[in-house]
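Same chain, two partners: chain A is paired with chain B first, then with chain C.
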Partner chain A sequence: MSKPRVGIFGLTGCAGDQLVILNCEDRLLDIVALIDVRDFLMASSENDAACPLDVALVEGAVASRRDAERLRAIRNRAKTLVALGTCAVWGGVAAMDRGADRRKLLEEVYGEAGLRYDAAPTQALHEVVKVDLNITGCPIEKDQFLAAIAHLLAGNTPIYPAYPVCTECRMLENNCLLIERGELCCGPITAAGCNARCPNLRIPCVGCRGPVADANASSLLATLEEKGLDRQRIAARLATFAPEGVAQRS
Partner chain B sequence: MKILKLRKEKLDLFASVVQQFGEVHAPVEQDGKYVFKRLRRWSEARLEYDRTILPPKKYFLPPRETLFRYRPGEGFAPCSEGLDQRTILFGVHACDIYAINILDRVFAGKYNDPYYQARRRNIVIIGIDCSPDQHCFCRSMRADFVDHGFDLFFYDTGDYYQALVGTALGDDMVLASGSIFEAVDAADIDNYKRRSWNKRRAFQLEVEIRDLPEIFEMEYQSGIWEELGGRCLSCGSCSMVCPTCYCFDVADDVELGSLAGSRARTWDSCLFASHALVASGENFRGPRASRIKFRFYHKQRGFVAEYGRPSCVGCGRCISACPVNIDVVQVIERLRGVQDAGSR
Partner chain C sequence: MKTVVIEHLARVEGHGGITVELEGDTVGSVRFDVFEGARLLEPLVRGKRYDEVAAILSRICSICSVAHSLTSLKATENAFEVRVSPQTELLRELLYRGESIESHALHLFLLALPDYLDYPSATALAADRPAAVLLGLRLKKLGNSIQEAIGGRAIHPVNAVPGGFGRAPAVEQLIELRNGLIEGVADAKAAIDLMASLPAADFCHSDTIYAALRANVDSYYAGDEVAVVSDGGQTIVPAADYRTLTNERSVPHSHARHSRFQGKPFMVGSLARLSVNPGRLSGSLAAPAARLDFRLPAGNPMDNNKAQALELAGDVERALEIIEQLLRARIRDEPPAPVHPRAATGTAITEAPRGLLIHSYTYDGEGRILSADVITPTALNAASLEAHLRQTVEQCAERDDAVIAKRLQMIARAYDPCISCSVHLVRRR
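Moving on, here comes the complex of A and B:
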């Protein structure tokens, strides 16, 4: 059986997820022995920009017409399309204020010239094309990425935890930043998988992995308000990585 | 059962003897809370702790453990790493020992769990007396006292610890420490009885568990479940910190590019959206309200039907660990409370 053809792409984002792939240093040779990377601009100067792909891994959000066109072209080439990282899965930081007046924002930041720029309200990949699999995270976790590749190669769908960061924090027996210190911690509604990276260092969860399935944001909001935290501040934090209205199909 | 006493100043000496029997773990302070941890030195131990974040369950059923590895053509190889580790848990409260006795019925009863049982054989338990705080209701749950499940149990009687010897191993530890243990006299017994009586009166929380399963049955349609479902974050904190929550999920870790891998189990919770999700996509407990209701029913009603008592031991951990203040004692009180029929 020939090796699956894979393309790795970046739309609007920081390229951090592609970097995580390259940072899997001790596993990279194992990975390229199993897959045929045909198109990966960040890592290779020789790319086939037109060949059909078995798997396309796409990082970043759709923030322009050009992004949307590229994404559709990638979708047309690929049997399986994987959204890589929080921006691709949820829209991410770029989508934070996507309801705002685009013209005004462009003018404010770039002046007159901004009005000529190709910029659209930011969307997650699944709002533009069909996405077959999500690997969330800001950036993605190496282990989850490698596990996802292992599962895909074995013909399985990877299974992710259906619980929030809170659960991991408890398993690790951390002190609770929300209950004990009254901090604005998004752990109870943020998808697990990072092994509570930030709370392990006594830093509250900012929700960078996006919401867990069935997140009860309104209850967390009410609890945080009872603790005296400002509603605007809470709402801004909750919307930082996943703006309201980006619903994932489960 | 052998009953002896140990002068309090000699506890340090006893602890140094106990080290010969295994790796000593005890409650250690962590930012104002306590955790069971391997001691670097005996002075780290905090025997007057309230409760640990995680119960001793973590030693018998770790949050995550690899059960076996598999490889096509070679078959299965069980993982037995760490199972024969001789650990001494020094300073376990009665409710937590009671909880371990409950876990015994689950993992060493109808279903044999060799991993749990190996650990249970190799972990030594030295219990210690405690005084109830605002979240403790172990007495209501009949778990404020244990008559088995420990190797030794120390009761604070003022200048002494009164020591109950629970097993031959406990007796070996006493014998190994020379003559530091003394026989009890009539005054010691009176002292013990006085303190036992006073402890009973120190409880601030009380719940009535008689006919509770029946009341749960009657209140199956109560509006309280929807209300709790609206508040619950499904974070599973209550299950993680519960000394008797034993649900686990099993999944394979696939090796990159082969059909080999390993199978691991991880703590699960009935609060998770995936807990009752089955292969067809059907979810038997989809709504949060039905999940939190299930948790209460399993603890206070289902377990009673199966094992003759609630699985809750009243340790109070779920009360202090819930980010949205869902309080089992308040829930039971509300369910027991008489409501005006007209308002329902």
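Moving on, here comes the complex of A and C:
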């Protein structure tokens, strides 16, 4: 069997999900032996920018016309398109301002020149093209990435936890930051897979992996309000990494 | 007239390109273009509470997410006059070293090394020289293991909060890191040997101005004064006056988009740190420096790669020292120092792997951000990079596009640009 042709791309973001791939130090050379990486600008200066791809891994959000054009071109080349990380899956932190006056913000940060930039309100990949698989996380978790590669090589689709961070946290027998300490923890509505990294360190979950499929945001909101937390503050926190996703589910 | 264009610079973080216009032997415009999408993160944190800011602004960049987080926390703590414990200071410094080890190993081995040996990528290089690539991956992993143990995650640390840490690492974790670092000492030495064996990259000579934090102790995290070194002289800039280094905001309607100090471009990063603090090259780094034929004042920007290799060795050693110190002092789980928000401005400058990083925030009485300003090393370096790109073309005797293009890319990569980071860089496309 010929090796699957793979492209790894970054749109607007912090490159953290591509870095997670490079952080698979123990597996990196094994991975490149199993797949044929044709296009990976962050790691190689010799890329085939046009060949058909079996799998395209795309991180970052769409935040400019250029991003949108690149993404469409990638989609046209790829049999399977994988959204890598919270920005690609949900829009990420930069999507927080989607309702704000973009021109005003551009002018504020970059001066008058900002008004001439190629800049558009931040979108998740699925808002622009069809996405075949989502691997969420800010950044993605290494083992979930490796599992995805293994599954894709075997012709399967990986299945990720359909339960919230809260469940993982309970399994670790941590004291509950939300119930016992009244802290604004997003664990109950955030997709698991990180093994409750933050609450396990006594830090409230900030929701960086985006909402879990059956998130009940209105119930969390009610619980937090009972604890005396301000509604606006709760809403802002829940919307930090995946504003649209949480809005749909509350 | 002809142009040499590097459409999309490879083996760097983020999206940028280089365009050089040539008129016969005369070099016309030289541009380092950035076409990273605008994320506008500074206005986004407006209204956010002090305990939410670091987690959002660390997302500016993955490779320097520790530096962004800790500089953010330090700016907030400076605003509220929070005193963190000596243990917190040590753990933060250790976290910085972890990031620096990872970042330098990533850059030297996966991004820069292929150029010297004429390969398109480290994975291609691994087919012929697996030992060199595996050495780099081991060092990179070592840095990540520190970030994971202390920061709670290798990218976008979660454990560092205003006032301290969520949970201190266990003694067993520190011992495991110590064991890794002891092996890392030999690997760092091998990295120096490898760097010393590379063909010389000597095609850009320049009287460069360097700016770095003036360190009283061997620290990336402590220190409140920037020293700017040029022609053997030194000018000191206190943290609160950082805008004298970054005139980018003071003339908002002009095209003064690059940072200049007294009208001149300056370089930040490893080479600048060693130039400003030459004392770091004494002691255990003296022999490796001699092995690399590394001399100050450095007139070749490619020496930034050598400086990173030297820092890599220094970082492994310093991380080991810190761990010994933490173990001797009997590290304990302590709650973060109390934080009492007030209306105030706080500024912090630290040394990120790529150089000076500045976060400055103004808070209201409730501890909500009124305004935030972030100045990154790649933005500070932009003017200097363009100057060095220009000199590279001017000093290139061969008018062969392929030779010029290769040299331009090597210079750009030597700066280790982190283009996502360059939040203030003006896009010109």
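In the analysis below, the second predicted complex is superposed on the first by the 244 of 250 C-alpha atoms of A that agree within 3 Å, B and C clash if a C-alpha of one lies under 4 Å from a C-alpha of the other, contacts with A are read in each partner's own complex, and residues count from 1 in each chain.
Definition applied: a contact is a pair of C-beta atoms (placed from the backbone, for glycine too) under 8 Å apart; a residue touches a chain by one contact, two chains touch by 3 or more.
Here the structure is a predicted model, which is why all the values come from computation and not from measurement.
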{"item": "Partners on chain A (chain B, chain C) - clash or fit", "value": "fit"}
{"item": "Geometry of the superposed three-chain model: angle at chain A (Cα centres of chain B and chain C, steps of 10 degrees)", "value": "110"}
{"item": "First (chain B), second (chain C), both or neither touched by A:L41", "value": "second"}
{"item": "Chain B versus chain C as contact partner of A:T223, first or second or both or neither", "value": "first"}
{"item": "Which of chain B and chain C A:A162 touches, first, second, both or neither", "value": "first"}
{"item": "Touching partner for A:A63 - first (chain B), second (chain C), both, neither", "value": "second"}
{"item": "Touched partner set for A:C176, first chain B, second chain C, both or neither", "value": "first"}
{"item": "First, second, both or neither for A:G13, with chain B first and chain C second", "value": "second"}
{"item": "Partner touching more residues of chain A, whether chain B or chain C", "value": "C"}
{"item": "Closest approach of chain C to chain B (Cα atoms, Å)", "value": "12"}
{"item": "Residues of chain A at both interfaces, chain B in one complex, chain C in the other", "value": "none"}
{"item": "Residue numbers on chain B that touch chain A, as the complex places them", "value": "30-33, 35, 53-54, 58, 63-64, 230-237, 240-241, 251, 253-257, 259, 267, 269, 272-274, 277, 288, 320-321, 323-325"}
{"item": "Chain A residues within the chain B interface of the complex", "value": "27, 30-31, 33-34, 146-147, 149-151, 153-154, 156, 159, 162-164, 166-167, 170-176, 178-180, 187-189, 212-214, 216, 219-220, 222-223"}
{"item": "Residues of chain C touching chain A in the complex", "value": "8, 10-15, 35-44, 47-49, 52, 55-56, 59-63, 65, 106, 110-111, 114, 120-124, 126, 130, 133-134, 137-138, 140-141, 144, 152-156, 158-159, 161, 165-167, 252-253, 255, 257, 409, 420, 423-424, 426-427, 429"}
{"item": "Chain C-facing residues of chain A, complex", "value": "10-17, 19-20, 22-23, 25-26, 28-29, 32, 37, 40-47, 60-64, 66-67, 92-94, 96-97, 100, 102, 105-106, 108-114, 117-119, 122, 138-139, 197-198, 201-203, 206, 208, 233, 236-237, 240"}
